[in-house]
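Can you read through this structure? Questions will come right after.
First chain written, first letter: the chains are A, B and C, and each begins at residue 1.
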Amino acid sequence: MTKRVALLYGLMCLVLIAIGFLQSWNVAFGIFNLCVISAVMALGVNMQWGYAGLFNVGVMGFTALGGLTAVLVSMPPVGEAWSVAGGDIALSVLSLVATIVAVIYARRVVPPALKLPVTIILLLAGYFLIGVFFGPATDAIESIDPALSGYLGGAGLPVLVAWPIAGLVAAGAGWLIGRIALGLRADYLAIATLGISEIIIAIIKYEEWLSRGVKNVTGIPRPVPYEVDLIESEWFISLANFFGANEVSDAAGLFVKLCYAVLFVVVLAIIMWFAERALKSPWGRMMRAIRDNRDAAAAMGKDVKRRHLQTFVLGCAVCGIAGAMLTTLDGQLTPTSYIPLRYTFLIWVMVILGGSGNNWGSILGGFIIWFLWVEAEPFGNWFMTTITAPLGEQSELAQHLVAGAAYMRYLMMGAILLVVMRFAPKGLIPEATNRSTAMTRSS
Amino acid sequence: MEILNALALFANFVVVPATAYGAQLALGALGVTLIFGILRFANFAHGELMSFGTMITILVTWFLQNMGVSIAPFPTALLALPIGVLAAISMALVTDRMVFRFYRKQRSNPIVFAIVSVGVMFLIAGIIRIVIGPADQSFADGQRFIIGAFDSRRALGLDEGIAIKQSQLITVVVTAVVVAWLFWFLQKTRSGKAMRAYSDDEDLALLSGINPERVVMICWVIAAALAAIAGTLYGLDKTYKPFIFLQILLPIFAATILGGIGQPVGAILGAFIVAFSEVTVTYAFKKFLAYLGPTDWAPEGLVQLLSTDYKFAVSFIILVAVLLIRPTGIIRGKVI
Amino acid sequence: MSFLSATGMTGGYGGTDILHDCTITVEKGEVAVVVGPNGAGKSTAMKAVFGMLNLREGSVVLDGKDITSLAPQDRVPQGMGFVPQNRNVFVSMTVEENLDMGAFIRDDDGIEETKQQIFDLFPILGEKRNQPAGELSGGQRQQVAVGRALMTRPKLLMLDEPTAGVSPIVMDELFDKILEVAKTGVAILMVEQNARQALEIADHGFVLVQGRNRFTDTGEALLANEEVRRSFLGG
């Protein structure tokens, strides 16, 4: 690590500490936890963009998939739903498998000219076959106590188990989309990932039997103690007294946040360790060689598409893990909160600001941008109130502008992205090599 | 008779809305395809540009409504639209001057352009949300239906009528006029030919003395004007919601790629294919089939291929199919 | 001073020079040909004349005017027409539209007249005027490319390997047309792989080796020169 890295990280720490003293330690750790999650997402995007130059505009989808996995792994199963609809669900899955097998088999035996029509017919037939079992099953599930459950529930496992599984699920989705869109022009990957992310969100929003949809899943089991238990336990009260806390409930909130912070930092450290090792390995050097000169690398016999698929899948997996962490921290899955500006493009600003291709930069970018994103709201309020002060409190224009102040953050993010791209395209912590980076290479 | 009823039903719920929607997509896709062809990048800010032009149109519409200006039976928004168009053009030219021109001089990678277009998207999205807020806005006035369901039932002597909203007719007429003008411009005028030449081969266009900055400027002017018109028509037909303009990028991009990048005719074809697929696939065919089947029979369930919640999936599937089967699009587009 | 005198040109694309004190001159109504082995810098010399290469030293003077510092697109109005070797037509546009694009910088009334002259020179273009240039054969495309350059009414027409990839018959035909153009008073500068045939129609020839002038003489004299024949024309 260079001096510059240490300095920037130190500054970021100071800012968070200042928040601790000025606002409260609860706020500071609240921000810190989300900063860490943002940093993990930024690491995932950096693997794709920084290592390989892949433009993934579907980060939101992979994050949401991670969130869904957290629900499906950790929530208790709804026994009634399974007993009512279990049979139909099984038949649906069977039909799905049968369809896939039929398509694969048919594509082997029919002459090439017929491949496409036969595939389409089989897919349509399979779609209706699944619908026969699936429709009644979902109706049955969703009608069970709709206000409280109305879905299948999860596997009832500890939520920490969901994190690695979320990575696997997101990786699977990434593999599928990568197989289709990689190897074509870079913009196509961007548009295809934009599409897949919208579809994933639509599924989570509307498939109530799976995710309760817009009714949200709340009360996801925590990996850390609950505040209500803490304030009643002897050891915690004495601990709080030992540190001289004024309010035990405040201390409990802080303690929970600290526990999360430890968990998240451990995950971040593990992913960072792998990311750095990968980057410095021959594999990482090859990735960058492909990124910097794809044609030359292909001419040297490198399987560019395969390598791209590898990094793409890895990056998606990391985003999925981050998504599961986020849902765990929130304790709930709220599909409507997933919007691309926040979950896709904001992560991009983090990576670009931090320094494309540099993992330390991505983490720093994650911290800074999340911090600004959170603090933009009070700042925006202050700014709008100040500039509209001459208009007087009764002015409609002033009230309107103050009401819109929260959206100052969009302006801020746009400005940061544009300024960094223009004046410091290598970001705050530039990539370690002195070769030209992905940002400056010309077409 | 039953068949005619079924057809009328289909026309009412599929053909008419899909035509209007297709026209709106076509205007958006034309702008995207022009930018793809001339500036050679996927402009992620295009949806927000549409939204911005529409927002200004709405503000001017409200102003006119307050002043008591009206062109009834037409919606006041038509009167306000030219100002919305001018605003969108100014926004496009300002962002080009402040942002994109720099990267053009550097001859940056298309992906760099796409990323800075994300920055522009953030900026415009922020401005829109501060000025008009994130909520739904309605601004349609004037006559609602050209042909009501009841009148058309009587005129056709059928059980099913074909209702046509005024906004749908306006959409189709405006689109037809604008598209006709655009093709005349591209085929017949000096500047239009210069644009096509530049899109075909930048270096050779330079050798012919074509001024690239001028071509780029005309491209932005046209794309932004089309964007403002498309957004306003979409808002008149449905409602104006700021967040919808990020989602609408997907069908627009799908139409562009389906038609062939940089191909205006392709963009229009692609837009209508996407719109008709979307509406057809999400239409419930229950009543339609009931008319065709035996008397007093109706299929169980809605006979809907896909719930309307998944209309984006249609664009996506089309997009994936194009990428897998024919990446150049229907009309062999440039692989820039 | 010649009509075009590019003298003492030294420069290259990046760090290393490709051209070393290279000089090329053409007179009005004459055909000058640049020949040499592969990698001798023939095309580079042509590009340098057209301003597509930054020169460290030397100057380019056209019709008595120093144009060394002008960008390529600014040399077109000065009377330079350039036909690149590859990608020299707008494939998606019709033959006639290609010609119109050549006339883009002109605002006089003679455009239709020039177009007619080109159709007279290349009758096939008149027949196929409404066909997209991308659908034409290689030789016809070269004619479109030359026609497009002629539409600018150049005083100096530069052709980068116009006969690359066309059959010998088409090549002869193309050379005939080029001579016809020269007869109208246009100076012609041409880079050619087919050195022997090119020198046969050339008034002057420049033999380049490793970016330097090796031989400079009339076409006839070069063809007669024993060393040139042995080294560059295959005996």
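Rule of thumb we're sticking to: contacts are C-beta pairs under 8 Å (C-beta built on N, C-alpha and C of every residue); 3 or more make two chains touch, one makes a residue touch a chain.
Keep in mind that what you see is a predicted model, and the values were worked out from it rather than measured.
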{"item": "Overall pattern in which the protein chains touch one another (line/ring/star/complete/other)", "value": "line"}
{"item": "Closest chain to the centre of mass proxy, which here is the mean CA position", "value": "B"}
{"item": "Computed distance of Cα centres, subunit C from subunit B, in Å", "value": "46"}
{"item": "Cα-centroid distance, subunit A relative to subunit B, in whole angstrom", "value": "30"}
{"item": "Centroid spacing, where centroids are CA-atom means, of subunit A and subunit C in whole angstrom", "value": "58"}
{"item": "Overlap residues in subunit A, where contacts from two or more other chains coincide", "value": "none"}
{"item": "Of all residues in subunit C, the ones touching two or more other chains", "value": "none"}
{"item": "Interface hub residues of subunit B, defined as touching at least two other chains", "value": "none"}
{"item": "Touching residues (chain side subunit C, partner subunit B) in the complex", "value": "72-73, 76-77, 82, 84, 87-93, 97, 100-102, 104-105, 148, 152"}
{"item": "Subunit B residues within the subunit A interface of the complex", "value": "41-42, 44, 99, 102, 106-112, 114-116, 118-127, 129-131, 133-134, 243, 246-247, 249-250, 253-254, 257, 301, 305, 307, 309-310, 312-313, 315-316, 319-320, 323-325, 327, 335-336"}
{"item": "Subunit B-touching residues of subunit A, taken from the complex the two chains share", "value": "53, 55, 57, 116, 127, 135, 180-181, 184-188, 190-192, 194-196, 198-199, 202, 205-206, 339-341, 345, 348-349, 352, 400-401, 403-405, 407-415, 417-418, 421-422, 425, 438-439, 441-443"}
{"item": "Footprint of subunit C on subunit B - complex, ascending", "value": "190, 193-194, 196-197, 199-201, 203-211"}
